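Chain nomenclature is as follows: A, B and C, assigned in order of appearance, with residue numbering initiated at 1 for each chain independently.
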Amino acid sequence: MANIDKKPIILLTDFGRQDSFSGVLKGVIASVSPESKVIDLSHEVNPQDILHGSFLLSTSCSYFPRGSVFCCIVDPGVGSSRKGICIQTQDYYFVGPDNGLLWKAASDNKINRIIHLANKAFFLDSVSSTFHGRDIFAPVAAHVSKGIEDISTLGKPLEKCVEYHFPRIDKTAFSMELTVIHIDWFGNVILNLKETKFRQFVQNKRYCLKINGIRIEKTVSSYSFAQEGELFLIGSSSAYMEIAVKNSSAAQRLAVKRMDKAMLVIVDP
Amino acid sequence: MANIDKKPIILLTDFGRQDSFSGVLKGVIASVSPESKVIDLSHEVNPQDILHGSFLLSTSCSYFPRGSVFCCIVDPGVGSSRKGICIQTQDYYFVGPDNGLLWKAASDNKINRIIHLANKAFFLDSVSSTFHGRDIFAPVAAHVSKGIEDISTLGKPLEKCVEYHFPRIDKTAFSMELTVIHIDWFGNVILNLKETKFRQFVQNKRYCLKINGIRIEKTVSSYSFAQEGELFLIGSSSAYMEIAVKNSSAAQRLAVKRMDKAMLVIVDP
Amino acid sequence: MANIDKKPIILLTDFGRQDSFSGVLKGVIASVSPESKVIDLSHEVNPQDILHGSFLLSTSCSYFPRGSVFCCIVDPGVGSSRKGICIQTQDYYFVGPDNGLLWKAASDNKINRIIHLANKAFFLDSVSSTFHGRDIFAPVAAHVSKGIEDISTLGKPLEKCVEYHFPRIDKTAFSMELTVIHIDWFGNVILNLKETKFRQFVQNKRYCLKINGIRIEKTVSSYSFAQEGELFLIGSSSAYMEIAVKNSSAAQRLAVKRMDKAMLVIVDP
């Protein structure tokens, strides 16, 4: 029963697919822990984009088995004094640079402890200054997957790590200034507002979402209930509210990009 | 001998690679059936394009081991009244939406039975209205992979499912009106005509294929036998006839797109 | 202990991701050797580009476990008289077309023997003239992974195979004419000069790299030590020298493409 004794390793990087970077991570992992299952979450995080990586990781990790080791590399500061860390949370391990990338996912899952990766016994023999994913994070993740009794052997405990928060909502009793935090492959536009919070705020009142000069006043519970060509709000599968158009790209229709603002207003409050 | 007791799961979706959708499917599968092998057929079906998905699936599945579970998600009707189904065929299982996507591959392999996925015991605890791939199809496929004795436990038997046919050939004794059904990564142009049917129709006679004002009168048995820059017909690896140019894109040369028409005519019959 | 008795299979192709070609390779492998681990090095080699494939393979393979089987398919000559080969080296197996693709990686690792794939018992029953990856190379790689005692059973021994060399450096005592051999996903520009050779040549002297009318006179040991917007030289993770800009694309800044030339000159020698 080979694989299931090993914790699965989940990869999230901005390495793209055209180079061999992501393949090389898997070579290193297979060298350290040949039986570990490796799953690609995505290798197409926008280069050096912490918001993108943080969104994908924090909205996905709860669907992975308990004990999964997330090895995440979006690392503009590679080779600088930024630390490499392993965070152990209630259910998971997160390995990567200490630049905020891991923080949202880890803190949502309750952080138990944070280790500064300082024990070179778990690194490749030769560590470059440009590719810590290969030389540090992949071998460390493989060792965690293989099973090390106490992750404190990886290095030194840290009190805290770098935090990265999604943009905050500027809120009054009857309005919320929201931000576009993600645009997905289908062109759906994700806002920094959880569906649960949207429901609490709007209740049964009429509302209007204004974005780039366009007003959206309708929520549907499924894409298929919308009219063709009509912009609407929907609770997305990520748990955040999303602006969508049936069978088309809302981002193109709205001509919006990430970090653009939107105003949600209660009408006749 | 972990893996081989579990049926391999093959994924085909239009989720792209830049989001975490395909990774999340694998997380769900690993949660239900940690030892199952998961293989990506493609995640780059054109968004909501049943023809594209149906072509990739039906021309590929015979290369997979007997017992493989194809989990396929191209699902413009997610959240509507369209059903989720599992089709058991002579050699395989197909899990996905009942919108025609699975039909060609399944019927080519002889459909034994069709089950409407209605037993929520095999779904995730919470089912969204926008991502049945994650909440229904992936966990069902994982349960089938893990081994359920009788797939009728997945729901209710159906007499039939939605059919999706490739465009039909309009044929006379000496001509065939054909349709471009696929253009591949190399720019090869695939027609809705099997090589076996082409040979029967053309026999030893001279023929001419007219497409977008261009005439092609040559068939070669291998790309390497063609001249540089020359358009030719070839029996493609998918078993359909293909228009190609050696080391270049026939689709660009012809300026054609899918669903464009071509006339195959016997010259001097 | 299923997987680890089987040698891992590493795939490198120019098949892209939008078709099912790479998935079909895995289906064939799973049919022959269900327990073999399969790792994607890349499927996005530029179509029919031997330099690109050779660069990715030769700079990556040392990170994979001993015994790995590299199944590599960039094959403009498929169906011609070009041979299919299996090269056994000190640590690895390389399976693919005999067109130079495998040569650099294999010879760097010391070639032990070369077998011309001629034994059809290891092919699929039916071999197309357009897709030897599926019909020959994948099943042969799977058989090697599964464990064949003596690879000479695959066919006939060859004295040598087609060589493919990176562009040579034109060198004087105080200058080197270099060539851009790779541009990666981040826009880093890789030159045909190993870092070790660069250090020997430059020593402690001042140097200047001229490329496309621009002069670069600075080397840094890590991206993070550079100024924003500044072009610099760095020893890349591939062991070759690289021109980079912090958090940006050097290739765009320099407006260079592969095979462009650069002059490295010692100033005041």
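Criterion: contacts are C-beta pairs under 8 Å (C-beta built on N, C-alpha and C of every residue); 3 or more make two chains touch, one makes a residue touch a chain.
Owing to the predicted nature of the structure, the values given are computational and were not obtained by experimental measurement.
Undergrad: Angle of the rotation mapping chain A onto its copy chain C, from a C-alpha fit, rounded to a multiple of 5 degrees, please.
TA: Fitting chain A to chain C on C-alpha positions yields an angle of 120 degrees.
Undergrad: Since chain B and chain C are copies that touch, just let me know if over half of their interface numbering is common to both, same, or not, different.
TA: Copies use mostly different positions to touch.
Undergrad: How big is the gap, in whole Å, between where the Cα atoms of chain B centre and where those of chain C centre?
TA: Distance between chain centres, rounded to whole Å: 31 Å.
Undergrad: Using the touch definition from the top, which residues of chain C touch two or more other chains?
TA: Counting only residues that touch two or more other chains, chain C contributes 2-3, 17.
Undergrad: Tell me, which parts of chain B touch chain A in their complex?
TA: Listed in rising order, the residues of chain B that touch chain A are 2-3, 15-24, 26-28, 30-31, 34-35, 38, 47-48, 76-80, 82, 128-131, 134.
Undergrad: Tell me, which parts of chain B touch chain C in their complex?
TA: 1-4, 8, 10, 12, 17, 37, 39-45, 56-57, 59-61, 63-65, 68, 184-186, 221-225, 234-237, 247
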